[in-house]
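The following pair of complexes shares a single chain, chain A, combined with chain B in the former and chain C in the latter.
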Partner chain A sequence: MGDGPRSGRLSMVATTTARPTVPLVAPSGGARSHQGWRATPWLFLLVPVALLVTFTYVPVANMVWYSFTDWDGLDPVMNPVGLANYARIFGDPAYFQVFLVSLYYLAGAAVQLVLALYFATVLSFNTRFRNVFKGLIFFPYLINGVAIGLVFLYFFRPGGTLDALLALVGVDAPVQWLGDPSVINVSLAATSVWRFMGLNFVLFLGAIQSIPTELYEAAELDGATSWHKFRYIILPGIKKIVGLSAILAVSGSLSVFEIPYIMTGGANGSATFVIQTVQAAFTHHNFGLASAMGVVLLAIVLVITWIQRRFVPDEKVDLT
Partner chain B sequence: MRALLGPVGIVLKYASLFVASAVAVLPLVVIGMAAFKPTQEFATSAPLSPPESWAYLGNFVTAFTRGGMLQGFVNTSIILVVSLVGTVIIGTMAAYALDRFDFRGKKPVVALFLIATLVPAVTTQVATFQIINSLGLFNTRGAAIVLFMGTDIVSIYIFWQFMQSIPRSLDEAAMLDGANRLSIFARIIFPLLKPAIATVVIIKGIAIYNEFYIPFLYMPKQELAVISTSLFRFQGPFGAQWEVIAAGTVLVIVPTLAAFLFLQRFIYSGLTQGATK
Partner chain C sequence: METRVIEMARKHILAATTGAAAALALAACTGGAGGAAAGGDGIEGEPSGEITVITQRTDLVDTVFQDYKEQFEKEYPDVTVSFESMTDYEGEIAVRMNTQDYGDVLLIPNSVTPDKLGTFFEPLGGVEELGEKYALLEEEAYEGQAYGIPITVNTQGIVYNKKVWADAGLTDWPTTPDELLDDLRAIKDKTDAVPYYTNYADGWPLSQWDGNRGAMGDPAYANEHVAYTDTPWAPGEWHHISDGLLFDIVAGGLSEEDPTTTNWEESKTLLGTGKVGTMLLGSWAITQMQQAAEDAGGSADDIGYMPFPYQVDGTFHAQVAGDYKNAINVHSEHKAAAWAWIEWFAAESGYAYDEGGLSPLVDGPTPETLAGFTDAGVELVPLDPAPPGKEAYEANVVSESEVDLYGNIYRQELVDIARGAKDGDKESFFASLNERWATARAAVG
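Up next, the complex of A and B:
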C-alpha cells in the first residue's frame, strides 16, 4: 500500500464531511487496508439506494397500507375498511372477469414461445439471408407500443388490411375483429404475439448459438437425426432461458396494459387487470380498491417467480 | 454446420421463414402506403394498393405540425438525454461500490437490489403516483426522469457484470500512485466501461423512446407530451383521418428503424445480457 502521496488526497475527501483525519491503513492490515475510508462505498451508493427505496419499496409499503382503506386519493382522511377491497376483487364478477381475459394472452404467450423456439432453431443452422430473416422477425419488438396499437387498429378495422387480405382469397369479412366481444381478445392477443415474439426468438437464438458446434459434429458421427439434435442438444442447452421466458410470459399476460388500452381503451370486454386497476384509481378515484388490486397482482407475480426459482435451479443468480 | 434437412424440409423451412417475414412486415408496409395517400385517394383506394405517387408529403406535414409531434420529439429528447446520463452515472456508481468494496451492510444492499427486480413497476403505479405527487413532480418532466433513473436495476447488473471483468490490479496500481477512490472510478473504471455503457444507452434509450405508461400517467399536460402520448392523442382530432394517423405512426417508427439498422449488433447482444441478468 502507498503512504506519502495518498494521505493528502484522503484527508481532502475527509474534510468535506468535517472529519479531520482518517486512519490511512487499517491497523490490522490485510483486506481492510484496500478499502480506504469506510464510508466511501456508501457515498457511491447513496443516490442509487435512495432512488430504489423511494420508487420501489416505499410504494409497495404504501400500497399495502392503502389497500385496507377506502382512500379516494385526495381526501386527507382514510377510513380503514378491513378486507372489504379484497372481498370485492374476488367476489364481484365484474372484477373477477378480467382474470379470464388474461387467459387469452396466456394462450397467445404459449403460441409465441413455440414460434420463437421454432424460428430460433431453424435460423441457428445454415440459412440463406439469415440476418435478413432474423432482422425482419425481430424488428416488431423495437417499435413504439402506441405505433403498434395504431398499426393494428388500421389492420383490423372494417374494410382494413385484414379484410382486404381475406377478400383476396375470396373470404368475406366474417366478423368485426375489434367490435365483436367474442373475437376482440383473440385479435388483441395476436397483436401482442406479433409484438413480443421477436424478443423470445432473439434470446433463444443467442442461447442456441452459444452451444459448442463440436456437440453437433459428434452427434452426426453417431448418426443422430435432426430431431435427435434438437431434442438432446439444443433443448437441454436452452432449457434455462426457455424456462425464464415462460415465467415472464405468465406474469406478462397478467399485467397486459398497453396494447388493449391503446387500441380499445378496455371496451367490449377487453379490459385487463391493469386497465381495471388504472380505471379504479384514476377514473373512479378508488385508490383503496386499486391498491388492493396492485397487491393481488404483485402477490401472484411473486408466487410465480418463487415457483420458477424452486423448480428451475438457477446457478447464475449469485452476483455477490 | 451441415444442413440438417432433406429437400422437402428445406422448402418448408424457407416457406415458413417467408411467411413469418411477411406477417412481420405487411402491417407496417400497409400503414406506410396509407401515409402517402392524399385524403381523396385514401377514401377511394383499397388498403393493399400502393399510393399513386410516393411524393405526396401533406400527411406528414399535418402530423408534424398540427399533431404536436415536434413538441413530442423535443420532450422525448430532453427526457432521453437526462435520464440516460443519470442512469449511467447512478448505475456505474452503484456497480462500482458493490463490486470493488467489501463493507458492512453489503449483503442487505445487494438483497435490496435483487428483490426489487421481482416487483413489476406496473403493479405499484397507484402508490408511486402518490410519491411523485408529494414530491411536486406531477406534470413535470422530472417525473419521467426520476422514474427512469430510479427503477432501472437491469442496467446496474449489466455494469456490474462488466466490471467484474476489469482486473482489480488496475485499481491497486492506481492506488499505489496515490489516486483516491473517486479518481480511480472516474479516470480508470468509468472509461473502461464504455462497451457496457453503450449497451445500456442503446437498450434503455429504446425503452424510454417507447415508454407510454409513465408519461401518460404522470405528464398529462399537453405541452409535456412525448412521442408516445402525442401519437396516442391522434385518435381524437384525427379520428377519421387515417392517412394522417398513418403518417404520424410512420414518423415514430422511422427513428427506431434507423437505430436498428445502425446498431443491430449492440441491440441483440444488449438484450441477451439484460435477460440473463
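Up next, the complex of A and C:
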C-alpha cells in the first residue's frame, strides 16, 4: 500500500530475472572465436546495469554523501558536517513521532490485503459479471494520484459527497473527516486503501489463476467446501505473492507520501516521515538533513524486510 | 493560478548599499570587464540571438506573454524569444540551477542568498546608478551590485468584499486588530458570509501574514526586531500582532468551518460573490479577486483593499516589496538580448500595471486598485536592506529553528490550536515559538 511498488523496484526485479536467460556456457564447436561469445552476456547486461547504476545506485550514493554535509540544495559548496544530521534526527523525538501516523496506514494495509485477497478469491470463481467487478476494483489504481487527492478533498469536505450520502441515510454531519485530528489519518488511510487495493487484487488474482484447475476438481471430489479450497489450495498456492505484498505494504506504510501531501500537505497531524523529509529539503532548505532522513528511512525499510525474511522464509511451494 | 508569489519571503535577502560596499565592488570590478567572465558577452552590446525566458506564470505564458514576444521582437528584430514556464517555480528552478542550463532570463528564486547572487546571475550595474531608474533593487543586490529588476511591486493589506462589509453596517476601516475582530463579528452576526477565510489547505496564503512588517511604520524594523530579538512573539512585536490576530480570528469562530478542505481557486469566487467577507493577501490578489467577481456575475467594484489594522501615530503603514526579480543567467550566451528583454519588460510591457502592482520604475504609474490607499493617506514603507554581512542571518535563523516564518507550517499549527484541534493555547504556543527562535539564534550565532 502506500506508494505500492515503485518503478525502481520493478526494474530491479526485471534485471535479476533477466540474468538466467543469458547463456553462461559457450556452445562448443564452430569457427567462432571464444572471445565473441564471452563478451555476449556482458553486452546484454550492459544496458540494464547501466540504467540501474545511473538511476538507482548513483543517486543513492549521492544522497548518502549529502547526508554528511550541510548542503542547502543550491550552494556550489557543501561543507562536511560528519554525523551532525544523524545526531539531530536521533536526538529529537519530533522526527520519530510521525511514524505513529504510519500505524494508521499499516492498519489500512492489513485491511487492504484482506479485502484484495477476498475479492481475488471470489472473482477467481465463476461469479456473475466478474469481469466488470475486476475492472471496477482495479480502476482506482489507474487514476492519477493528484486527481484522487482532489476528488477525495471534495468527498471529505463538510457538506461534501460523503456527508451528502450519509444524510440520505439519516446521519447528519457526524465529524469533519479531515478537520478532526483524530479522524484525519483514518480518512487518508481509507483513501489509500481505495487507491491501492486494485494492485494487490490483480497480483493475487493472477497468482490464483495460475493454480491448476485439476486441484479444485480433485478437492471437490473429496467434498471440500469453498473455505477448504481457499485455506488448503489457494492460500498455500499464493503464499509467495502474499509475502511480497506484505513487505511492500510495510515499507509503503512507512513511506506514505502522495495522498496526504496532496490532500493536506501534512497539516493537522497528517505529516508522515516522507512529508517531513520534503519539508526539510524544500521548506527549510536543509538538503543535508533531508538526505539523512532518506538514508534513515531506507535503513528502516531494509531492516524490516530482513526481519520479515527471517521469520517468513522463502519456502518452495509444492501443491502436489 | 499558482502565481502569486511568495514575495514576502524575500525581504530577508536584502543587500548592502552602503558607500563602503559600493566602493569595494567598484574596486573589484576594475579587473574584469563587467564581471562577464563566465560566458558570452556582457550586457552591453547589440542585442541579438535566441533567448529563453523562464516564467512562473503558467497561466499567461501562452497568451499575454506571446503578445509581449511579438512586440519585443518588433522592436529588436535580431532577437528571438522563447518561453518556459514552471508550475512549482521555486522547486524546479533550484534543481535546474545545479546545471548551467537555466535559461537566459529567469526569476531569482527565494532560496538564493545575496552572497550567492554572483555565482548564478550577471550583475546589472551599481545599485545607486541603476536605482535612479528602477525601484527596490537593493532586495537582490550584493556589495553594491544589483542583480535583478522586479517584475512588479506589491504592497500588503486585506482584500474584502465591500457589499458584505456594507451589509454588516461597516463603513470605516478598522484601525486596530481588536476593531477588525469586532467588524468580523458584526459580519458573522448580520450577514450569511463567512467573515474571514484562511486558505489553510493551500498553505501559502498563510505566509502572507508575515509580509507586512512595514505596518509597524519603521523601515529598519527587520534589522532591529524579528531575527534580532529572542522573542518575536512577545506582545508588541509584529509577529505577536499579526499571528495573534490570525489566532483570535480562528479562535473566535470567525473563519471557515473546516479549514482543512479550503481551496484557493474557489476562495476567489467565494470572496467575489460575497460568500466570504475578508482575506489577508498582498495587493497582487486584487485583480484576481476582481476577475473572479466579474466571472461570477458580480462587479469588480465589489472588491476593496484596506491596510492592515494597525496605526502608528494615527497613520496606516503598508510595506512595499518587489515581487520576483528578472535576472540574467551568468552562463547566458546572449546577455545583451537578455538585458534588453528585462528593460523592455519593466518599462514597456505593462505587466506590473496590468497585474495591479506598483511599477518597478521609479517614476512609474500607481495602479487604480490602490487608489483607496492613496486617498486614505496610507504610507508605503519599503524595508531597509539588511546590514552588510547579515544578509542571510534571518533566513539562517528561520532554517535552524524550523519555524518557517515565510511559509505555512507553523501557522497551520497555530490555526489548529486556535480551533481546538491541537493541544495548547495562544500563550503556550507563542512561548514555544519564542523558545525555538532563541535556541536557533544561539546556534546561528
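By our rule, the second predicted complex is superposed on the first by the 249 of 320 C-alpha atoms of A that agree within 3 Å, B and C clash if a C-alpha of one lies under 4 Å from a C-alpha of the other, contacts with A are read in each partner's own complex, and residues count from 1 in each chain.
Keep in mind that, in the parts below, a contact is a pair of C-beta atoms (placed from the backbone, for glycine too) under 8 Å apart; a residue touches a chain by one contact, two chains touch by 3 or more.
Predicted model only: the values in this text are computed from it and were never measured.
In the superposition on chain A, no contact is made by A:114 with either chain B or chain C. In the superposition on chain A, contact of A:176 is made with chain C only, not with chain B. Of the two partner chains placed by superposition, only chain C is touched by A:268; chain B is not. Residue contacts after overlaying the shared chain place A:76 against chain C, while chain B stays out of touching range. Once chain A of one complex is fitted onto chain A of the other, the partner contacts of A:160 extend to both chain B and chain C. Shared-chain residue A:284: touches chain C; no touch with chain B. Of the two partners chain B and chain C, more residues of chain A are touched by B.
Legend: residue contacts after superposition of the two complexes on their common chain; A:203 is shown touching chain B, with no touch to chain C.
When both complexes are aligned on chain A by C-alpha atoms, chain A residues 73, 160, 282 touch chain B in the first and chain C in the second.
Of all the residues in chain A, the ones that touch chain B in their complex are 1-2, 4-6, 8-10, 12-13, 31, 34-38, 40-42, 44-45, 47-49, 51-60, 62-63, 66, 73, 115, 118-119, 122-123, 125-128, 132-133, 135-140, 142-147, 150-152, 154-155, 159-161, 164-165, 168, 194, 198-199, 202-203, 206, 213, 216, 220, 226, 229, 241, 244, 251, 255, 257-258, 262, 274, 277-278, 281-282, 287, 290-291, 294-295, 297-298, 301-302, 305, 316-317, 319-320. In the complex of the two chains, the chain A residues touching chain C come out as 72-76, 153, 156-158, 160, 176, 178-181, 184, 264-269, 279, 282-286. For chain B in complex with chain A, the touching residues are 1-5, 9, 13-14, 16-17, 20-21, 23-28, 30-31, 34, 46-48, 90-91, 93-94, 96-98, 101-103, 106-107, 109-110, 112-114, 116, 118-131, 146-147, 149-151, 153, 156-157, 160-161, 172, 175-183, 185, 206, 209-210, 212-213, 217, 227-229, 231-232, 234-235, 242, 245-246, 248-249, 252-253, 256-257, 259-260, 264, 267-269, 271-272, 275-276.
Chain contact summary for the complex, chain C toward chain A: residues 90-91, 94, 97-98, 109, 111-112, 116, 119, 200-201, 203, 257-261, 263, 398-399, 402, 404, 407-409, 412, 416, 419, 421-422.
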